[in-house]
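Each structure below appears as structure tokens.
Below are two complexes that have chain A in common, paired first with chain B and then with chain C.
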Partner chain A sequence: MKFDTIIIGGGLSGMTCAAMLAKNGQKVALVTAGQSCLHFNSGSIELLGFQEGKVVERPFEGIAQLNEAHPYRKIKTEKLTVYAEEARTLLAEAGLKMKGNAEKNHFRLSPIGTTIPAWLTLEDLITLETTAELNGKKLLLANVEGFLDWPTAYLSDSLSAMGANVKTASFTTEALAFARKSPTEMRAINIAKYLDKAQNMADAAREINRLGKGFDLVLLPAVLGLAHDNIDLLRKAVEMPIECVATMPPSVPGIRIENKLRGFLGQHGAVVLNSDTVNNGFFEGDKLTAITTEKLEETRLEANQYVLATGSFLSGGLVSDYQTITEPALHLEVEAHESRTQWTSEYLFDEQPYMAFGVKTTDDFHPMKDGKTVTNLYAIGSVLSGNSGIKQATGTGVSMLTAIAVAHNILNQ
Partner chain B sequence: MSEIQLKNISRHELEQCLKCSICTVYCPVSAVEPKYPGPKHSGPDLMRYRIKDAAFFNENLKMCLNCKRCEVACPNDVKVGDIIQEARIKYSTHTPSLRDRMLANTDFVGTMATMVAPVVNFSLGLKPAKTVLHTVMGIDKHRTFPSYSRQKFETWFKKEAEEQQKQFTRFVSYFHGCYVNYNYPQLGKDLVKIMNACNYGVHLLEKEKCCGVALIANGLSAQAKRQGTVNLKSMRRSIENRDEAIVTTSSTCTFTMRDEYKHLLELDNADVRDSLMLATRFLHTLITAGKIRLAFKKDYRKKVAYHSACHMERLGWIVYSTELMRMVPGLDLIMLESQCCGIAGTYGFKKENYERSQQIGATLFDHINEVDPDCVSTDCETCKWQIEMSTKYKVINPISLIAEALDVEETRRLNTVHEADKPRMQGDLAMP
Partner chain C sequence: MAERQHKTFDVIVIGGGITGAGVARDCALRGLSVLLVEKYDLTNGASGRNHGLLHSGARYAVTDKESATECIQENMTLRKIARHCVEETEGLFITLPEDDLCYQKNFVEACTEAGIRAEIIDPKEAIRLEPAVNPTLIGAVKVPDASIDPFRLTAANMLDAKLHGADVLTYHEVTRLIIRNGSVEGVVMCNHKTGEICEAYAPLTINAAGIWGHLIAQMADLTVNMFPAKGALLVFGHRVNQMVINRCRKPANADILVPDDAVCVIGTTSDRVPFDEIDRLKVTPEEVDLLIREGEKLAPALATTRILRAYAGVRPLVAADNDPSGRNISRGIVLLDHETRDGLGGFITITGGKMMTYRLMAELATDLACKKLGVDKACETATKPLPGSEKTYRKRGLPTAVVAEEGRHGTLAPLIPNATDIDRAMVCECEEVTVGEMKYAVETLHATQLINMRRRTRVSMGTCQGTLCACRAAHVLCELAKTEAKQSQYELASVMAERWKGMRPVAWGDTLKEAQLMSVVYEGLCGLNQRAGKGKEIAQ
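And now, the complex of A and B:
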């Protein structure tokens, strides 16, 4: 089977790269082993949130200070802002309404109410310009009765610490009470499926109106808008301002990003091989000539260019045993401390060295195999070395911008 | 890998479950039925308890459709669906009812019904018959039974096609399945037409039994195992006879015989598994290898919406069917969002499942109506029944679409080139 480009990995990075190529007319195949980490995403994309433990206000200024090995530093400074704008355009074209700007970070709220700097956030979620913004406001946390993945006690404490006057209440409707019959499946995603129906949403709006009287702002768990963007409907039906706060995963806003990007790929004719794993790469000279997968067995998948976007340890893009760290799909060279004692820091919340381990690449994101650069293969996103995605709050930004940088490289050939 | 990690292997990858809950996002049942405990809980979570005490088995697990969408979604390759189905086989104390036995024995019922097909088709469509089925048997009255053919595919083949196959020098065996044999022989005839045009002869298996998917689903796995043993023996015979593959036209039969035989029935199919494949995969592979060529009618035009059947998704083979259809100029292929249609074989026929079954498929039917295609295409026959019953659109197997678009004369000419002409043709053989 022949394609212009084959992308290995179906997370944010792989989908971004595939979308950029497909919308520019390339025949693209995307191989993905199970669903992606977007299911744990709270509905925000970040560029750079923290540096040396401090909040970054202007991400591009911070990026200029990053060390040379960081993936952002491999993209030309003047291109970074262009690619950031292209990323935002792509998300909009895929049907995702987002707020925020690349010049200056805003804060998003985590499910336990911590403020984390972000670049873009889905429009239905609460964002803050400063933590003082909620000072003196009367807030209602309106939870769905029986929904356990929204820790309101933590949230209430965090918001109170910002000076807000917080009350917690819960509501139910006929549909939500029906969903609650399941003690194990009363999750954000199943609630969202019920609320996708207009009648159920109208019932919920009535209850929120009843509870929310006299409050400046009502905060809801992010259990809306899986199939439709129905926050607008709810905002019309509810008298007071409402915003959503991310829940514990599986996260509806993250899944919405996944679904919209998948839909965009489908519309642009990309071929997605679900639930499949690359098990072999055929190399000739400095090129990758074909790959095979577990499900397609002897069928060789061929392309002019290949992109590795398999993610880090959680997604199986990197694998460790007791001695070594390897990249299992194509056995590319990995940058990691040789001594296992240096993989981790003792205190959990310290910067963990293993998080920055990854595939070694040139400045054009070409990885190496057996000491040689592979010239028609690129690595993007979390599989790259040099980025500590959680500690720096850079994960999603690195995924999207390296994907776009590589897409341009491929299209310019 | 260190030795200790190599030893970290658990049945159906039970121990690989991280409890991430991604499977629950894609379970079509738990989205509409709170009595079903969901894939993670029914599967890996409760398995730990069941290993210690069978009393933890919950009969609500029969609500699982066995669609395997949990396995497709799992980032860690845990066989969530297998764990659930195995628990049903091992721990269920439920005795299959007469209704379940009838629905499951597609072979037996099919043979009886084709003998008196006009009577059966007529009476199954009648209100009184439907009422009796609904109230006495528990088969939902809203269901339209697939009509039975007057002539079995096997009978047609022996009478009309078998003799002509002798002119060929290379062959495939065809596992036609119950649906082609009893309900819709045309699909089998379409396959024979394509293969013959490509200069391939078709053999039937020495002895074909129902693949057993409905037996497994209805708690009759011992019978499924016996039938599987017969099928595997016949397939081995085909391989010995140098048939190039055992091809199929049903994604569910294929999936059952390739994967469920091994994982659920503990049948050793390793020696036939690689030879057993959907006809679309066999054709696509031959075309890309330059071994056959297809020519299509110049004036063929059709807007086709493709539905990704659950077991097709699990096989990972959608790409063969869709890429094959994309080779037809004039066939405009639109991919429907991949989701379960709700029928899951015999599941949707049962009175207690009917409503749930329709709720599960609702968004798919909406999507089809929005696309408004000339027809829907899918590799699964039970999806066909469900979609045809729930929308106004006709559902056609990719093989039948290829057969319809095929320029038979030209294809035959392209594939019967004399040996002496072959080198000249080489450059011409690669497909676009």
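And now, the complex of A and C:
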């Protein structure tokens, strides 16, 4: 089987790259092991949120100050702004309505009520330009009864500290009350599946109308819209303004992003090999000539170009054992500290060096193998070295922008 | 706090480990009014940082017959009085090709002399009984080892003390002994939650603070010749072995593998540490290497089993008064009447010993306390079951969460609220902890902070190490205990930091992966770092 490009990895970065290529007419295959980190996503995409522990207001200004090894610095500054716009366009084409702009961060509200800088946020989730804007507002936190992954006491405390007048209430419907009989059923995805049904949604709307009378804004846990945009339906059925706040995982907004991008890939004819893992690469000279996967051990998958988007440790893009860190799919060169004691820091919330470990690349994102650059292979997203995605709040931005940079590189050849 | 300022008791017991809880229970059962005071949480010291092994005594049979005899007697007692804390796994002492098989004969003889049933079995039979054992073994002896849950055991002793009128203060650190006219008359305490200072009075104070007892004695200008001996252990992600596996040789490092609940634990090392390290123990890479290397010899499957975390405790070893060098350290029980030893009245130290002999230690200390206070009541703790162990309690065919609760709370499990949907809602899926069980822990087991909840219910002790349940548990607790939201979030941050502390020494493979997920969720998604203390606090 021969493709123009094969993408290894089906997370945000791999899907973004595949989508850019597919919509420009390439024959693309994407190999994915399964669930991606989007299942732990907040519903926002970030460019750069923090620098040395401080909130970044204007991401591009911050990016200019990042050190040379950072993936963003491998993309020309003037290109970054263009790619950011392309990323937003792609999400919109996939059916994801986002708010925010790349010039200036807004704040998202985390499940425990902290505010975190973000670039794009799904339209149904609450965002703030400043923490003062809720001052004096009457807010209702309306939780689904028995849903334990939305800590209302924490949210209420934070929103009150911002000057809002906050009340907490919970609602249920016949279907949700029935679901509760099973002690582990009240998780975000399960609730979202119930609320995707029209009757249950109508029941929920009636309850929200009853509870929300007199409030300026009703905040709901983000357990809506797994399959379709039923937040719009709910908005029509509810009298007062409603917005959602992210929950503890699994993330319904994150899964929605995944579903929409997957749908977009399907529409543009990309071939997706699900639940499969690349287990071998065949190299000739400075090129990768074919790969095999666990399920297609006998069939060599061939392409002109290849993109590695397998993520960091969590996603299996990097693996560690007792003493070494490796990239398991193609055995590429990795940048990591030698000694295990240097991989980590003693305190959980300090900078953890292992977070920035990853595949070493050229400025064009070509990785190396055995001392040589592989000229038809690229690495993108969290598998790249040099990015501390959590500390800096850069993870999803790096995933999308490196994917788009590489897509352009491939398309320009 | 105000009403407690001048409260007077018969006995003040310092230390909320198994010894202190045992002493408090024994004193309370004999009708004394008791205050048990602990500087952090119950089982925060060595009681919560050991193997969870119900020794048969076989380990000490050759080298320390007195300890061996004490062990087997207490072993048989605890199986009856603390049955809900004990899992009757049995144990093996195996001889590997690199060991001297001649030792086995001495070993069995010494066991027999100490009253320990030790049965030589064919190595093939050993593999049949325990398929995880190293198949190259050349000898095996079966002994009555078992596993015991020290958190449950301590909580049950504390609970019974309370049921018999004892007061319990956790997060209260004794900062000074009140000494008047050559006698200890009470203690000054600092409340770690509020910073308030308070006092309590009693004609007798019992120092049962484990290794910290050394520092308590220093407050009275007394010297107890203690040697802090650090022991490091590793927890593996699942239960590889069903029986305790020991090496049949002179006791050495890392030669015991104990199945505990759903995991197994290898340990320990033994190294002297300075006193200024006992509150911030770290497991070193060398200790981890040694534990893995030796552990694999007991059960080769450990080589490919995920290591959940590492931890270390400090044994309160005591050298004899006439041995300042500490060469003749014993693991035996040390009971010091400071009146006869040092001329200071109203003060007893009970130390040395082992978790296994806590009940006997408590009995000896309480006997002396009664004698000093003129109370004539016999000890009942060897026969009276702990709350939860009144009878064997196993109902079949119930939901697994109920079975898990019974495993943890024995006959007290029916007290766990489960009438409503919210009571039955699952907080921790790894360990099957419900909202109801958390309620019970808040109401009866001195669990007001998240870290207490872990020790009372096992919430967040499973394979996810809290990543999926800790926030849920923290928020449920915040509402049950009416904690302020910011404080509750601070506790959550310090508990995650505590989880990481144990993961870090073994942070590779799946554990590093799990750690990254922990950071993705708590720092990336939640921004919990914004609620952490400035001092990088780790929950105690």
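In this section, the second predicted complex is superposed on the first by the 413 of 413 C-alpha atoms of A that agree within 3 Å, B and C clash if a C-alpha of one lies under 4 Å from a C-alpha of the other, contacts with A are read in each partner's own complex, and residues count from 1 in each chain.
Everything below uses one rule, namely that a contact is a pair of C-beta atoms (placed from the backbone, for glycine too) under 8 Å apart; a residue touches a chain by one contact, two chains touch by 3 or more.
Note that the structure is a prediction, hence the values are computed from the model and not measured.
**Q** Just chain B (first), just chain C (second), both, or neither: which does A:D321 touch?
**A** After superposition on chain A, A:D321 lies in contact with both partners, chain B and chain C.
**Q** Please indicate which partner A:V82 is in contact with in the superposed arrangement: first for chain B, second for chain C, both, or neither.
**A** Neither partner.
**Q** Between chain B (first) and chain C (second), which, if any, makes contact with A:M98: first, second, both or neither?
**A** A:M98 sits against neither chain B nor chain C.
**Q** I'd like to know which partner A:L211 touches here: chain B for first, chain C for second, both or neither.
**A** Touch partners of A:L211: none, neither chain B nor chain C.
**Q** Taking the superposition on A as described, I'd like to know which of chain B and chain C A:A169 touches: first, second, both or neither.
**A** In the superposed model, A:A169 contacts neither chain B nor chain C.
**Q** For A:Y354, select first, second, both or neither according to whether it touches chain B, chain C, the two together, or no partner.
**A** second
**Q** Let me test your reading of the model: by the given contact rule, A:V55 touches which partner, first (chain B), second (chain C), both or neither?
**A** Neither partner.
**Q** Does chain B (first) or chain C (second) touch A:G263, or do both, or does neither?
**A** Only chain B is touched by A:G263; chain C is not.
**Q** A:P111 in the overlay: touching chain B, chain C, both, or neither? Say first, second, both or neither.
**A** The answer is second: A:P111 touches chain C but not chain B.
**Q** For chain A, what residues appear in both contact lists, the one with chain B and the one with chain C?
**A** Residues 40, 180-181, 184, 186, 249, 316, 321-323, which sit in both footprints.
**Q** Mind listing the chain A positions that touch chain B in their complex?
**A** Touch residues, chain A against chain B: 1-2, 29, 33-36, 39-40, 178-182, 184-187, 189-190, 193, 227, 249-250, 255, 263, 266, 271, 273-277, 293-299, 315-316, 321-323.
**Q** Spell out the part of chain B that touches chain A in their complex, as residue ranges.
**A** 1-2, 4-5, 20-22, 24-26, 30-32, 34-38, 40-41, 45, 71-77, 274, 284-285, 288, 313-319, 322-323, 335, 337-338, 363
**Q** Using the touch definition up top, name the residues of chain C that touch chain A in the complex.
**A** Residue list for chain C touching chain A: 285, 399, 401, 421-422, 424-427, 429, 434-435, 468, 471-472, 474-476, 478-479, 484-486, 488-489, 493, 496-497, 499-501, 504, 507-509, 512-513, 515-521, 523-532, 536.
**Q** In the complex of these two chains, what residues of chain A are touching chain C?
**A** These residues of chain A touch chain C: 37, 40-42, 110-116, 146, 148-149, 151-154, 156-158, 180-181, 183-184, 186, 246, 248-249, 251, 312-314, 316, 319-323, 340-341, 343-344, 346-350, 352, 354-355, 389-391, 393, 395.
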